[in-house]
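One chain, chain A, links the two complexes that follow: it is found with chain B in the first and with chain C in the second.
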Partner chain A sequence: MKRYLFLFLSVSLLVSSCTETNPSGPDPDDFDRKAILENWAENIIIPALTDFSQKTESLKTAGNNFAENPSQQALEALRDEWKTGYLAWQQVSMFETPKTMEIRFRNNLNIYPVDTAKVKENIGQGEYNLNLPSQIDQQGFPALDYLLYGLAESDSEILAFYNSGENSSDYRNYVVDLVTRIDSLTDIVLNDWNSSYRHEFVNNSGNGANSSIDMMVNDYIFYYEKNLRAGKIGIPAGVFSGTPLPQNVEGVYSREFSKELFLESLTATQNFFNGKHFNSETTGSSLSNYLDFLNTIKNGTDLTQLINQQFEASRTKAQNLNSSFVDQVETNNSLMLQTYDELQKNVILMKVDMLQALNINVDYVDADGD
Partner chain B sequence: MNLSKSLLILAAFIFTISCDTNNTNDEIATPDSYEFTRSGQSTVSFSGQTTRIKMATELSVAMTDFDNSTEELLLEMYRNETANGGDANPYSDADLNAAIKSVKSKVAASTDFFSTNTATSVELKNQFETWISAQINEVFPNQNVEAQPGIAGQIADGTSTRYVSAKGFEYNQMLAKGLIGALMADQILNNYVSVSVLDAGNNVEENTAKVTLDGKAYTNMEHKWDEAYGYLFGVSQNKAKPLATIGEDDDFLNEYVGKVNSDPDFEGIAQEIFDAYALGRAAIVENDYDLRDEQATILRNRISTVLAVRAVYYLESGINALQETPTNYGAAFHDLSEAYGFMFSLQFSRVPNTDDSYLTKAEIDGFLAALEEGNGLWDVQVETLQNISTSIASKFNFTIEEAAN
Partner chain C sequence: MSTASINTYLNSYSKAAPLAVFRVFFGLLMLISIVRFALNGWIQKLYIEPDFFFSYYGFEWVQPPGEWTYLIFAVCGLSAIFISLGFKYRFAVITFCLSFTFIELMDKTTYLNHYYFISILSFLMIFLPANSYFSVDAARNPTLKAEFIPSWTIDVIKLLLFIVYFYAGLAKLNSDWLFQAMPLKIWLPAKYSIPLLGDLLQQSWVHFAFAWGGALYDLSIPFLLLIKRTRIFAFILVVIFHILTRILFPIGMFPYIMIISALIFFDAGLHTRILDRISTFLKIDLDAFNNSERYSFKSSISKKFSLSILGAFFLFQLLFPFRYLLYPGELFWTEEGYRFSWRVMLIEKAGYANFKVVDSETQKRFYVDNTEFLTRFQEKQMSTQPDFILEYAHHLEEYYQNRGIEDPEIYVESFVALNGRRSAPYIDPEIDLTTIKRNLKPKKWILPFNDEIKGL
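And then the complex of A and B:
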């Protein structure tokens, strides 16, 4: 009897505390979370990954063609595929799964700045294991950026590395190894979604720390905060170092694409928030309508609206940036800093206000750096 | 009642009142700066501690310098002498090469714990050499091998690469975090703030009479206390007012006093430590040895607490990484290697007013053996780590939750 009494007391306490903290608002449990997961998987993640894998396939082909005959034409074709692939990558980089963690997908495809000395060391030795953790800054899109644009000032000098230079065959092999690896890692991730993970992801629709929504939203905000806000803008602008670091710009050797890469990533994160289908104007269930369902208001305004306005404010600010962030940082860094500030405002709206409304805990902390 | 007697009573009365207000000229104030002078000359000196922290820093960095480090070089950095006992010049800093001091001579070398326990002292000194040799002979040859259970090599921890032993340990972390206890904490808590050292020989008489050491501006007792201070603040940017940069000045005790202080649950601990040092030193100047010893009890408790908080913090971080999907071995190994070093360091902690460490050497050896068992960190159980974490926290006045965040 005592035990029942205790149970009754705790239940009533629980009930009263619930109603106190959420007097009249809708219950997050009443929302169809599975619909969000289906929309993300079916209409955003898998189509974006499928598209990306087609582009990595083309990149691989162009890389092989270039290695067979390193002509000016083949170089330009490879550069085109590299750029196309790099832009498509911005649409999928944010989506973490156990598989992407296991194969360290993002770290293997897009760690910059590339360590050019070690790239040359690999090529010089002709022997390397790109699967080693210490090799993450010697491969992927940034290493190709260096090999296709950064080896020398002029195209003819760059081509000489592949045609007549001392290790020209090693240079060609290295390009082939990089494009092959990008493509095969992408296939692993896409196959995992198509074979088993889609089902697992959609059906893990509860609301605990290990549920699909909680994990995906954490990964999404982590990506926005670390890779988009800090990696693409804050670090090169010197927000964390005090002095600008132009060598840390994404696509530093091709130089002219850094803004495009950034804007693509910004659009991808906003589209994900709004549940916008990949490569389409249609929208489906996502964080925006989840917040709308919960009627989340901050300072009298709808939170969804505030977050979208902030995405727009960031984009508007970024429109004024030079297409090359290297040039931007070196000529007028304050515009970069202003863009960073706009991006930062959405960290607060999403990481604090949105997560609170959705009752999701942040599952990562800033590494303690030692 | 005559006049002088009434005056005496009145004086006593005033004294009592003013004591209550806790602010009189009779009390020794806590200096806000660690600056002490005699006849216009500074009496503060701890250059030997600065030297040893710098030597330990070079050694710690060289542990992962795959291109330049050899076993001979690392052992020379630890001993500051050659294998034959000759003069060695292993450091990049010429001042360190010129110095005759060494890290090894002050490892597990406190008067209170080791003056009559040389067997253990030698064992602990040699432990660091074992880690150094294993780093060179086990980890270095596998620099470009992927680590697996039973195979040393590299493993990813986010964008960082960690180099681990066959059992998943980073010897460089064990060495660095182990020195925080074996060198810094042991010398401070069990040596330089100890009555056995402060009051040795004629120190009390000489300090009371302000008889300074030959050619120096300070008394021996003052100097001993300063040496305790130097093991925490010896490389601080502003050595007299070191708290503005606490945590940034070295990779050893200073760094972790700073880290613990930045946890809201322990905010203010750095100030408490500084105040105890400064007031203890002022007490020595004023010959107030009871007040000095009260400050020593504060240092012993707070600095021991820093070691324990970090041990629990890294154990909990390691547990979290092991529970990720997929298991985040790289992060876990890094955290647990640091935890190993801090646990090792806890045998040099000191319970105030006793002769004991907070955890016995046997208890700590048990924890470390549990981590090393079988394939080591590759198969250590979360429950094992949780039990260790609970055991450590239970000896201190904090909870696992307070330490973990």
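And then the complex of A and C:
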């Protein structure tokens, strides 16, 4: 019996010594997966959320100022804060936690198109409960977009709604309620991270369906596919409907910012992939170096490079887009479709190649395997 | 081998204890499997919640009967108890075989080699006198009771195990497994949080050691189990190997089934001791079964019938796994002839399938949200296997026809990554899948695999 054991061991050794002579990639012992989670939490998510919460605070102040005195000046100030906040939102929208799921953070802040009829109904009745799931398309940034830009053609006509219209005070209250809610929901999420979730997130560093990495990567790809690729480009361009839907553009009423919002979101997703610290040039551990570690070199190029190249290709294509996607889909939709195609290529690279390399299942299925 | 020696073999007898032990444990493990399946909520999740089920070719008529699915599982579990007790054995094992196979045929999304193994093993057991010893049947029916049974009725189980292991080993003799350590190189590093092993699993040499060790194990274990001198060592390997796979992979009950099955290779002495223990514990009089009688088939016709069925069965088992040779293209890519061939853990595929519906009348087009029709699990399986893709496309055709599109054309943009290669286009995106019929002919609409995997 010992002979067989010896044979087995020596064959194993033989095999290992054959392969050990040409190791590839970084030293495996050096790779620390927990460092990814720390980097995500400490250098990306919490700083981005902190920044966003400061901006929602300013937005709230501007909203209250506007409600007190709906002047042209106050309107412009509020629009500025709205835009700043909306851009900052693009940096945090992708990060799901149990808390964001519970309060439907993303849905409450950015479901578009806004249901303008219901918004007007809410204002007309003066009574509404924005906490209800049925109210998600009557609040958040898209509802403000409508209220600050879309009520009428000219600024003076818009201001009239707040100053002299039949329920002008209800209009003012609605704006205050919207900015207050954006700010308070953001505080809930940030406080959750700062109090307990950070610790929980970083220490859930195992492998498996419910580990932080698996969940975050799934949510990240979901965001890229559904919110960025489809929501910001594909749906307005009519990829799913056959005909363009300009009314489904993000920021449809302000018109001028849709491209900026999209690019901000694209940059945020790429920065997350590369572990780039929020508002800084420093990079830390993330999917990019995890993939490098896993040595997924294919077709002569590595996956990190392929994905980054694809991010760049999407950005390059998008540079030619009109700053207003409404104008873009109405005048030259094919450029939108081309941008979509570039974005789509990264869905495949991330959802197929990256997930395989990381051995993460798309929304893990709990069943036996072979 | 002469006819005479075949006849001598067919008329040789062995102690019935090994087959009785096998029956007892098989029934128990099946019962545990069914209960575990139910407790995990999988009956609901896999067979009741989905709106659509993928069928094996020719078995489209097997569909989950809604809430009645629970009944099928109950019947299956009950029959497993009966098998274990050896009570109404023949009826129980036929019921088990049918109900278990029915369950497996309901949705091929859940296909596993293990399940196929259980199906054919239980089929085999229909023809074996596993209830002639240490069974309720034998206790109640003295004419059935037999201390000795034909040796071949034990050896056929060994033969089936032999085929399973050896074919699994042969399938590992390919360049991805041996020279790239794929897909182990993908799977093992992800198990970093396993205590003690976690760090080792990051090392390239470990992946290769597992790959070569695994192939060597599968190819040699049937021989090591057959040869008396190496049997104990082989059994230790069986235990280590299967426990290891249990730790590393979500493999369910299969490791335990294989460990228990391997006991059949041991001499009757061991099985007698096992039965002795059980008898003492349960206060059963084991001696009552030791009647020195030989099991005899009801008639020579029934014996011949059993033997010819089993002959055909094994011929099928030996040949069927090689049907892939009838198909052009890379087996791992097209998966034509992949199932039912003991190809275990050989491929890691990830896919993406985006279906486009075109109304041929208006030329209006849109994309399908797969999650509207399939569970995540079904979508995952569908996106990497051509027969699933086609069946799903046909389902979509029917769905949109009912929705008023008279002649929908269905196209798929699909990408598949196989064993760590970069994802590549999988199905011809120009093909209207509604024009393709389901059959077993080579699927020419699968795009070629731009690489080569050498080996069997």
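Please note the rule applied: the second predicted complex is superposed on the first by the 332 of 370 C-alpha atoms of A that agree within 3 Å, B and C clash if a C-alpha of one lies under 4 Å from a C-alpha of the other, contacts with A are read in each partner's own complex, and residues count from 1 in each chain.
Rule of thumb we're sticking to: a contact is a pair of C-beta atoms (placed from the backbone, for glycine too) under 8 Å apart; a residue touches a chain by one contact, two chains touch by 3 or more.
Predicted, not measured: the structure shown is a model, and the values here were computed from it.
**Student:** Just to be sure I read the superposition right, which of the two partners does A:98 touch: chain B = first, chain C = second, or both, or neither?
**Tutor:** Only chain B; A:98 stays clear of chain C.
**Student:** After superposition on the shared chain, which partner residues are touched by A:210: those of chain B (first), chain C (second), both, or neither?
**Tutor:** first
**Student:** Looking at A:111 after the superposition, I want to know if it touches chain B, chain C, both of them or none. Which is it: first, second, both, neither?
**Tutor:** In the superposition, A:111 contacts chain B only.
**Student:** Mind working out whether A:136 is in touch with chain B, chain C, both or neither, as first, second, both or neither?
**Tutor:** first
**Student:** Report the partner of chain A that touches more of its residues: chain B or chain C.
**Tutor:** Per-residue touch count on chain A favours C.
**Student:** Check whether A:242 is in contact with chain B, with chain C, with both or with neither, and answer first, second, both or neither.
**Tutor:** second
**Student:** Which chain A residues lie in the overlap of the chain B contact set and the chain C contact set?
**Tutor:** 367-368, 370
**Student:** For the complex, which residues does chain A have touching chain C?
**Tutor:** 1, 4-5, 8, 11-12, 15-20, 23-24, 28-29, 31, 33, 205-208, 211, 239-243, 294, 296, 298-299, 303, 306, 347-349, 351-353, 355-363, 365-370
**Student:** Which residues of chain B touch chain A in their complex?
**Tutor:** Residue list for chain B touching chain A: 144, 146, 154-162, 251, 255, 259, 324-326, 328, 330, 338.
**Student:** Considering only the defined contacts, which chain C positions touch chain A in the complex?
**Tutor:** By the definition above, chain C touches chain A via 40, 42, 46, 110, 112-114, 181, 186-187, 189-193, 199, 202-206, 208-209, 212-213, 216, 224, 230, 232-233, 249-254, 344-345, 348-352, 364-367, 375-377, 379-380, 415-417, 420-423.
**Student:** Within the complex, which stretch of chain A touches chain B?
**Tutor:** Listed in rising order, the residues of chain A that touch chain B are 98, 101-102, 104, 107, 111, 129, 131-134, 136, 210, 367-368, 370.
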